[in-house]
Every structure is written in C-alpha cells, then in structure tokens.
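One structure is given below, encoded as structure tokens.
Which chain is which? They are A, B, C, D and E, in the order written, and residues in each are numbered from 1.
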Amino acid sequence: MTRAAIDQVGLDTGKQARLHDILYRNGLRNGTAIFLPYDQGLEHGPRDFFANPAASDPRYVLDLAVEGGFNGVVLQIGLAEKFFAEYAGEIPLVLKLNGKTDIPPDGEALSPLHASVEDAVRLGAHAVGYTLYVGTPAVESDFAQYRQVRADARRLGMPLIVWAYPRGSAIEAKGGKDSFYAVDYAARTASELGADVVKVNFPHPEKREHVKAEYDTGFSARQAIDAVVRSANRTMLLVSGGTRAGDEAMLEKARQSMEAGATGLIFGRNVWQREHDESLRFVERLRGILEKFPVPARSR
Amino acid sequence: MTRAAIDQVGLDTGKQARLHDILYRNGLRNGTAIFLPYDQGLEHGPRDFFANPAASDPRYVLDLAVEGGFNGVVLQIGLAEKFFAEYAGEIPLVLKLNGKTDIPPDGEALSPLHASVEDAVRLGAHAVGYTLYVGTPAVESDFAQYRQVRADARRLGMPLIVWAYPRGSAIEAKGGKDSFYAVDYAARTASELGADVVKVNFPHPEKREHVKAEYDTGFSARQAIDAVVRSANRTMLLVSGGTRAGDEAMLEKARQSMEAGATGLIFGRNVWQREHDESLRFVERLRGILEKFPVPARSR
Amino acid sequence: MTRAAIDQVGLDTGKQARLHDILYRNGLRNGTAIFLPYDQGLEHGPRDFFANPAASDPRYVLDLAVEGGFNGVVLQIGLAEKFFAEYAGEIPLVLKLNGKTDIPPDGEALSPLHASVEDAVRLGAHAVGYTLYVGTPAVESDFAQYRQVRADARRLGMPLIVWAYPRGSAIEAKGGKDSFYAVDYAARTASELGADVVKVNFPHPEKREHVKAEYDTGFSARQAIDAVVRSANRTMLLVSGGTRAGDEAMLEKARQSMEAGATGLIFGRNVWQREHDESLRFVERLRGILEKFPVPARSR
Amino acid sequence: MTRAAIDQVGLDTGKQARLHDILYRNGLRNGTAIFLPYDQGLEHGPRDFFANPAASDPRYVLDLAVEGGFNGVVLQIGLAEKFFAEYAGEIPLVLKLNGKTDIPPDGEALSPLHASVEDAVRLGAHAVGYTLYVGTPAVESDFAQYRQVRADARRLGMPLIVWAYPRGSAIEAKGGKDSFYAVDYAARTASELGADVVKVNFPHPEKREHVKAEYDTGFSARQAIDAVVRSANRTMLLVSGGTRAGDEAMLEKARQSMEAGATGLIFGRNVWQREHDESLRFVERLRGILEKFPVPARSR
Amino acid sequence: MTRAAIDQVGLDTGKQARLHDILYRNGLRNGTAIFLPYDQGLEHGPRDFFANPAASDPRYVLDLAVEGGFNGVVLQIGLAEKFFAEYAGEIPLVLKLNGKTDIPPDGEALSPLHASVEDAVRLGAHAVGYTLYVGTPAVESDFAQYRQVRADARRLGMPLIVWAYPRGSAIEAKGGKDSFYAVDYAARTASELGADVVKVNFPHPEKREHVKAEYDTGFSARQAIDAVVRSANRTMLLVSGGTRAGDEAMLEKARQSMEAGATGLIFGRNVWQREHDESLRFVERLRGILEKFPVPARSR
C-alpha cells in the first residue's frame, strides 16, 4: 500500500507542522519514523532495566535516542519535566499522557491520565501518546478520557499517537491481545476515533482460539499486517517491538510492516535492553529497512 | 399514515434548513431519505469488510454514497475528520456522536460519546446521530449523555437522529432486541425524549417470548410497523437494514415501512457488503420504492 | 488571475462544505456567486424602499432571491428569525452580525454586533457577515469585535464574509472610501486578518487627492481591480454594487471584476430598487457574466 | 558582550525547545537568527508591494524565506491560516498577534490583538510576536493586552518576541521613535516586562532634541547599540531593518549590532522590496555577518 | 551516587526557592534533610501516642522539631491550621494533602484528599505531601487526585513530596509492601509521575515470595537501596523510619541510604515515641550521619 503524504490525510496546519518536523527533519528525514519509548519504568517497573542497569538513567536513553537518530522519544510527564530541557530541540518529545503499573490484574484494564495536551505544548513536545485499551470493560472511563485528549489535541494542533492495545477479560477469551482479530480491531478503532498515528503490536494470525469466524482461517503474517494497515487507513501505523525477542525475527517483522505500508516502528526494550554499542548497531539495521520506504513530503 | 411536512413538526429554523437540504436537495429530493451508515468498523470491527475488502476504504464508501444518490452518510469523528473534506458539499454528513466495540458483553450496554454537536457544526454536518440503548441497566450514564446532546442540538439547530436500540440483559429476557414490543417501546422513548428522527430495526411481532402481555398476540408485520410509526408520531422514522439478508425480504420490509409512514431507510452492510455495481443496482431498487412516497416540502 | 478551488485556500472542512454548497449547489453552480444583501433598512433606513415600496416586505426580497437564482441572501438577525424559516433550505442565508444606522456622522464609524456566529449556526446559515471599518479611529472596538467573530467562525466552521469598508475621518482626508488606495488597503486588511470572503466597493483610481504617493499615478480601473484581487490573495472577493447606478456601467464593472479574478458580486439596491420583472432581467444579465468564469470545484 | 546560551536565561522547557529549533536547526544553525517579517500589507498597506509586485503574493515571500535560509517568517493570522500549511515544517512561523493599519494618526497608537497564543500553538508556530507601543498614551489597553499574552506564552511554553516600538505624541516630542533615548527605554521596558526576545530599531544617538539629559551627549552609534543590548540583558535582541535604505549602511548597522551582542536581525522590506535574486544576494551578505557570531547551544 | 544540586534537576523557580530554604537554611544547612512527620494520629489513631502520651500534644512535637533542628514538620490540615501559626517561620511546614485511617482493610487502599496545594500556599508551607498507593486496585481515583495535585504544585511552584507506598491485594500477593520489588517500583512510579521528592520505606530484598523473577535473587540491602535511589533518578529520596525499631539497625539503614545517594530521612515514631531528651539524642545521631553527605547548593 502506498503511504499518503501528510498533506493528504486531513490534518490541520499545526499537526502537519509537527509531523513534518518528526518525519522530515529528524531520523532518516524520509517520511518514515522510529520512536524510542521509555515509559517501561512505570508500565513494568524497574525490572526492565536489570538487563542493562545503565538504562535506568533517563539521560542514558535520551543520549541513545539522539545518537541512534531516532525520530522521537516517548516519556511520561515526570521524566519529561526533569530531563527533557537538556535535550530540547535535539530530538522530538512524545509526551505519554496516561499510564499504569502492571501490578493489579488486567481484566478491567484502564490507563489513567497523568498529564494534559497542554502540558505537552508547554514542554515543547511534538506529539502526545494515549493508551486505549480496546475491549476493556472499563471502556466508559477510557473513552471519556480519550475524548478529552482528542479534542484538546485537535484544538492545539498536536498529533495524537494512540497505543491501541486490545486488553481485558473479553479479549483474553477471544484469541488474546496479539491475535490478528484483536490487533485489526484495535487499529480500526483508533482510526474511527480520530487517532493521527496508531501503535499496534504485530498481529498473530495463528492465534485463532475463539476469535470471530472471519479471522479463523489460514491468514499469513503478511496478509495480517496488510489488513491491519488497511484498517487504519489514513491513520499512520507504527509497529511495536514489544518484549525483547530474536533480532532476525524482529527485523523480518519490521520489513513486512514497512512493505505493508506502515509509517514506522516503535522499539524500546529491544533497543535499550542491550549494551550501548550493540543497541546502536541494532538501530542501524532497523534504519536500513526504513531507508527503503521513503514517502514524499508533499503531494504537490 | 400521512407524513407531515417539516414545517409542521415543531422544528426551529436551523433544523428545518438542514432537514430540508437533506430531504429536498439530495437523494430523490422528494422528502424521503436513504442514509448510508459507515461506523461498522468500530461497532463490529473490520470483519464486516471481509465480504468486500474494498469497503474497508472510506473513500470507496463515500464514492458509493455520492454515486448511489444517498441523502447522507454516517461517520464517526475520526473518518469524518480525515475523509469528509474531499466530499464536503457533495453529500450531507451525519456525524455519529457515540459508539463502541462489540468486544465486551452487551448486558450493560453503553455507547460512550466520542464527539460533540459542536464538532458536527464545525465539520459542516447536516445532522448528528446518537445511539440510545433503550432498556440497558447503564441507563443513568446513557440518558445523561443523551440529555446534553439533545440540548446542544437544540441550541445549534442541528437535527438529532436517535439510533433507538433495545439492549441489555432485561431486553434479552423479554423477547429480544428485534421484538415488536422492544422496537415499539424504543421508538416511543426516542419520541418522548426529543429525537427529531429515529432509527429502528424492523419490528418482529413473532418474537413474543416473555414480552408484555399486550404484545403477546397475533400482530402482523404490517400492523407492527404501523404501530411503531404511530409511536414515533412527529419524530421521523428510518428503518434499518441490519445484518445483510435476502434482498426480496429487505425490499418488502422497506415497502411496508414506507407505506406505514416512515420517512426513509438506513442501509449499510446490505449495500456495501456486495460488489460495487451490484450495490448500486440494489440501491436503485430501494430508491424505486421511496419514489412512490413523496412528501410536500411545505405545508402551505 | 486564476481563481483557486476551495480546497486550495486553507479552509477547514466545515467552511469548505458550506462554501461548496453556496458556490456549487446554488446560483449558477459554477463556483461564482451573486448575493442579495437586504440590510439597508437598518443601514440607510426605509428611505431605500421608496423607489419600490414592495421591497419593504422581506418576503418580496426573499422571493426575488429564490426566483433570481441568487447564491445567498444577507439578513440581520431580526428578519432572519422572523422570515427565514419559510425559505430555509431553498437559499443560503448569510447572517450579518453587525450593523448600524447612518444617523450619526461617520468620522469614528463603528458597526456594533447584534448577533453571534452561534446564532448563525442555530438558524442554519451558510455564512456570516461582518462590517470592518478599515481606518476608523474606533479601531480598538472594531478589531476586538472582529477578533471574537473570526475565532468563533473558525471554531464552528462558518465562512466569514468581511464587508471591508474604508471609513472614518482619516480616510475622508486621504482620497475617500472608494479610492483605489482605500479599497486596496481594505482588501488586504481583510486578507491579513483572516476573512474567507471580502466584499469591497469597485475601486476608483481617479480619486487621488492626498492618497499615499504610490497610488497617485495614472492607474486604469482595470489595473485597480486587478491589484485589489491580488491584495486579497486567497480571500475570495465580492464586488459590491453600492448605490444604484447606470446599468451598463454596473455591468462593465462586474465584467472587469470577474476578469480580474473576483469570485462574484453582491448587488442589493441595484436589484430590488426596481420593479419585479425588471429586477429579474437585470439579474439575468449579471448571471450572463458570471457564467463565463467557472471555477472547478476540486483541485484534484 | 557575550551572548548567553538559551539554557542560561531562565526559560522553561518549551520555550527552550522552540528557541533551540529556531536558532540551531534553521538558518545558520549557530545560535544567531534572521527573521523575515511579512505583515506590512496590514501595517502600511499594499503600497509596500509596488516596488516588487510579486511580493504581494504570500507564497513568493514564503518561498524566499525558505530559499534564503531564514530562521523564521512573521505572519498575521489570516495569511498564516491560508498559506502556512504548505510550508509547515520547512520554516518556523512567528505568529504576530496584534497589528494595525497606518491610516489613523499615531498620537495614541495602539495595536489591537487579532489572534491568541493558543492560535499560534494550534498552527504549530515557534514563537509569537507582540507590538508594544512604548510611551503611547493608550498604555492601559496596550499593557492589559500584553499582560495576557505574556501569561499565555509562559503557560504554553511559547517564546514571546516583543516589537518594542516607541510611539505616540510624547515620544515625538522627545527625540522621536528612533532616538537612542527612546530605543534604549523600549528595550529595557520589554526586558522588565518579560519579553524573551525584543525587536528594536537601530538607535540614533544623534536624535537628541528634547531627550532626557543623560542621552543628550555625544554617544557614538556603537556606544548606543552596546547600551541597548545591555538594557535588554537576558532578553535576546533583534535589530530591525525598517524602511529600505542603502545596503552598505544597513550591513554596517547589522555588523555593529552583532558585535554589541544582538542575537540577530529582522529584515523585511530591505529584502523583498527588490528583485528575487537580488534579495537572495543581500540575504547572503547578512548571513555572512551572522556567521561570525556563533553562540554555543548549551552552557555545559 | 552523587546527589544533584537543586538547580540541576529541572525545577521551576518557586520550587527551587522553597527547596533551597528547606535544605540550606534549615537543619544542617548542607543540602540534606530530616523531616518529622506527625500525621500518625490520623493514619494509625491515638494508640501511637500511648508509648509517650506527651506526643499527643502537637506543640510537644513541634517544639521537638524546632529543638531537634529538623528541616521540616509534616502535618495534616487540621493541626496545621490550629498550631502552625505559632511556629511559622521557625520551621518549614510540609502540608500533607491526603490521608486515611487504618480502620478499613487495605486491599483497595485509597488515601482521600483533605486539603489543596492552595491551602499549603495560604499557610506558608514549604512543600506538600501526597500518599500514592502504588499497585492499589483503586488506581483510577488515586491517580486522578494525584494528577490534580501535581498540576497545582507546578502551577504554584510548590515542591511535591510523594509518599510512595506499595499497597493493595496484588502487592500483598507479590512480596508485600516492604519488598525490594515493591519499593523499587514505587520509587520509579513517583519519578515517572513527577514527584520532586519521594519518601520510601527501606527495601527488603529478602522478601521474595511471588515477586517478579528479576527480584528473586540474592540482593543485599545495600544493593537494594542503591537500586531504589537510581530508580528515583532526579527525584530526591527520603527514607522512612517506619515502625519504631532498634536504634542501631535504624542508624545503619540511614547510613546506607545516604551512601546510596538519598537526600535525607523522614523519622516520626522512632523519634517522638520516646522520652523528650532521648528523642533529641537520637536525632543528634541521625544528624551526625547527614553531616557527612553535604550537597553543594549550586552547580556553578
């Protein structure tokens, strides 16, 4: 699928300006993007840093983001306020507006707000992030929070990146959060509800237990990611690295995603859970893939 | 039943202006209407597009709406913001203000708000849509949302179309969501609570298990739809196509509804879940029915 | 100069939708427009109706607007609320938001607000009108009013037509309100301050007394109107008929304006200050001019 | 005087981020700046374009800003909304929040607000501009407007550039708006009242008639600009080109300003009131000066 | 780990001013701190005063805070309003904004707000305290309260001290509230969510039952507190005394904490649950430890 230029997808001036900066004045400057998320200290706790204790220090990760040529770094409000000033202007900030710990069970998952779109503006961020738990029974609170975020993001010209995560007891009962069924539905939900960019996990068509009948057939991984990109239509798609896994498998997924029409990648633990130079080498391989999928900056 | 002219049903100037545009400057221009809803990607997920993958692309469906001579197209906020500008002025937009996925169970169904009447005004929409889950235990949140929507729609002269859907565990226990009992009650609820237009499913008088005694007798389908139109009184009534079914049965229901005094139809999956030209042929047959039920634009 | 399509001039979805309706679903439906203003009863008093007393009745003028195939009619809030419902949907309404009598002298001219953009939305209007007195010493109040109108119009997707009228003692001392200098400055001011459409009087390059040196040379009428259209850049330009004058001169000015790149005309007294059928014949001649300057509805 | 790094002057994260982008990711990327102001169509009228009619088209000037390697372009809200989307991300926007025509006399000069800091955020601007008429009798309205702008700019992390213009009858009576006395006082006023950047005209120490005694001595031009930079202290200083004048004199003033510690220049008419290639050659000479005054991006 | 100076950790002016006062004009005036919390009457009830009934009188404890050379005293709103005026200016007040009794079980622990940041300003407090129950199922309410407190503290320049307490059924099932796993996660959560100072219990690495695998290895106490300080990064860390325990063990924990990079201690019951002079002697020993870990007031 051909990726659309950012002036073709119904974006206001401010969102265009900030996305243009992310996509054409950072990273490979070719319209693709790779983001470095760094909110796992909240989402999973400091245990995620045990593989590489240096990564516990936000400066280590921010330096990595700059050195590695990332298009943006994702932080929660606390780290953004304490650390971003020193990197302001050197790399775009995506302020993650909600988040939660992984301590209570996920059956009725909800990710409470910690910051506002106005906080993001104040900090000079280039985009905001919101985790939407598609399928959670706590949907009323989740959608109410989201609605305000979406309206504020539109009012202030701030691109909205939705972490579209299938979650909750009903999802667990229908193929789980990584099934093709769940990921496809999550991508479409983000698009229908006005995300500018959507982050999804790579879909697993082989996870078919109790999914809707339409998904219970022999789709290939490539067919699945193709469908997910179509479901997202004009919402740009980022594929998440998730738990650190084998490099070759990760790179293959990244390649398939870009071929399917994704805009880019969002890789955290796969990057900073290894030694510094090894991180950079891995990022270089990811960039090598993105390099092959340039998107023109303007449609005319 | 004779349909009233729009200057006879207590509407303010702005609502009259917008409805006149929908009913007399679009579609057959004879006071009837056929709407194309396209929010199933959220309500049911992308699986609804598997029958005709082209329909996953909003542009395909918007083109169909223009080519088919529909009176309006129904979109959620995300697709409206990303796609409608290209069709603005060519077909009226009905902005659907609330919506939900079908992932969690429906026992306490609630459709959270995603957009405001002011969003609809800003996008140049001709009407707003709201799903009211008549009978749900989550009635407090549902009616609270609805109350605000109704008040805003009145303040801004925006016609309010209510998707009056019987839903929730108590409905399931009393004949189900398509029973004559449930549909009739839903139509009346919308009318009592100030809808300008109400969308209902075609009533099934044969679904009588555990319905109130008054409905537990031998009503015909025609008697049922007559009653539903009377229950709606000055609230214009649209009959929904629902899940794709046999064409002849659908056309017969459409004919009976118009004879009963309905203002029109709202058919989505029955239209775009087939191949393009076949869609247009089916729409042509629906228009052939509407053609026979003109309503004068002015009462004097 | 080539007129731009309405999807090329930086307009939001709602403004595009409403302008598309005015320009392509009314009048000649070719992207040009002719408006019928009817606020002279306030601006000049009933004396304007003495030439044709029938025109004192708003219905007479509204009927004329429909019969004559105008693209819109301009009313103050009082007449809009009392008369527009009967014409709603048949012709676009431009709600004039401010206005004043001509009783006090114009040295410190200010046109106070009488209605809001929200009133226009509520009445189903397609645009709002605001008189900006460019050059008036009362600029602080004028710009403060205008700023709120502009912001509301943007928020609600309502096209903003600015009556850009040079006025005040300083203007009188520098060539007067119809001088090329004054009209050119007024068109630019409207464009710089965010008008979507600007209404100007036809510029008089021969009025050179005390104008800025740059304008004190031998410009032709055609050169003047060309310059004014350029000064307005992406703000669509309407040329006003003003005081009723000789038909051939009026038609020549209309032709020159359209050749220069104007979007259309706004003619009131020249139309309704004559007998009914004569009015329609004159309008027909104006339409004959507009017919020759079609603008494509979409740039792609 | 040594220019301070932007992390040493008491700026919040967002202001640092946006200024870093302006100063180190645009133009010469060395901490100096040259801005292209384009609001003269409002401030003086279209006559400013007569020397080079192409400059009447905002696209011409925006293209020039990109080609010439400016650090930012200054627009009023109307042109920003209609034209900036096409350049978004390619050059920083400074949204000028207030402005006026030059038609009424300047004795009680006041520049009314036309847009808000929130508009600037929404459009993805990098800074806002406000004209403060230092010395005007209309000081109450002026300072009241300014106070709100300053507070909003702080709340939203938006750098505030103050056009510090001595103006009004009292200034005319004491040496005039370009006197060393007036410019020095204006620079200090901006600093005392919280400007992040101040734009001043080059001071004329020889304009001594009726100035305060302290200024009525034989200061050199260099002494004057040195003093003005000191008066501005941590408020970065931009020197304005003003009316187009002889190139060598302009370049000499630019050089003296940078030697004195100015951050950069803001040149409009001197640039675009000449033929295209000649404009670029003149800009190249200005850049040649700025090149010699780099400021490190971080203090540590 | 080297403690950062307060001008290096991303704090606004007001927070810097208040923290400088706490850290360099009170206590040892060397950048370390020891706080005296006195909200146990609410949190545990008067039973905490039975060991030393004199401590039931707030004046007794406030006198002790002054005599002992504490850097601040922590009070709930009621005691602050009734008693602090008499000590105002003699010792900094930390107003604890939320609190609860220990009567209901802690499975869904939530500490409701009793006062606002504005109350703290009004009382001349130097900081506010908030108890965040990390891991509680009542996370939605807890984070919503906290979010408002954080935003208000930022707006008003008030340092925010977070009592980061692991709590709730899920915590009890995974090692308990004092486990290294739980304390480490709590410190990080406070840092990610924008605490300026975080109060934690000393971590117990030997509590390993059902903790995440990463923590289920043989960490020493010193390794644990080192990790917790790193997890808190630029959020200053205070170690809590908790339930009164053996003095030598307490002092050893204090020493290890300071060596690890903590900013100070917060000791209540260990201090005032003994006889007056003995309290002072114990405090003197704590100060003897802090004396060895000075932090420079300015980084340059």
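A few notes on this one:
In the analysis below, a residue touches a chain if its C-beta (ideal position, glycine included) is under 8 Å from a C-beta of that chain, and two chains touch if they have at least 3 such contacts.
None of these values were measured; they are calculated from a predicted model.
Nearest to the overall CA centre, using the mean of each chain's CA atoms, is chain A. The chain with its Cα centroid farthest from the Cα centroid of chain D is B.
Centroid to centroid, with C-alpha atoms defining each point, chain A and chain E lie 35 Å apart. Separation between the centroids of chain B and chain D, computed from CA atoms only, is 56 Å. Chain D has residues 12-13, 81, 84-85 in contact with two or more other chains.
Residues 7, 12-21, 24-25, 80-81, 84-86, 88-90, 93, 118, 121-124, 155-157, 297-298 of chain A touch chain D in their complex.
Listing the residues of chain A that touch chain E in their complex gives 39, 41-42, 45-47, 49-50, 53, 56-58, 76-79, 81-85, 99-101, 103-105, 110, 112-116, 119, 141. Looking at the complex, you find that chain A touches chain B at residues 9-10, 134-137, 139-140, 143-144, 146-147, 150-151, 154, 166, 168, 170-171, 174, 181, 184-185, 187-195, 212-215, 227, 230-231, 233-235.
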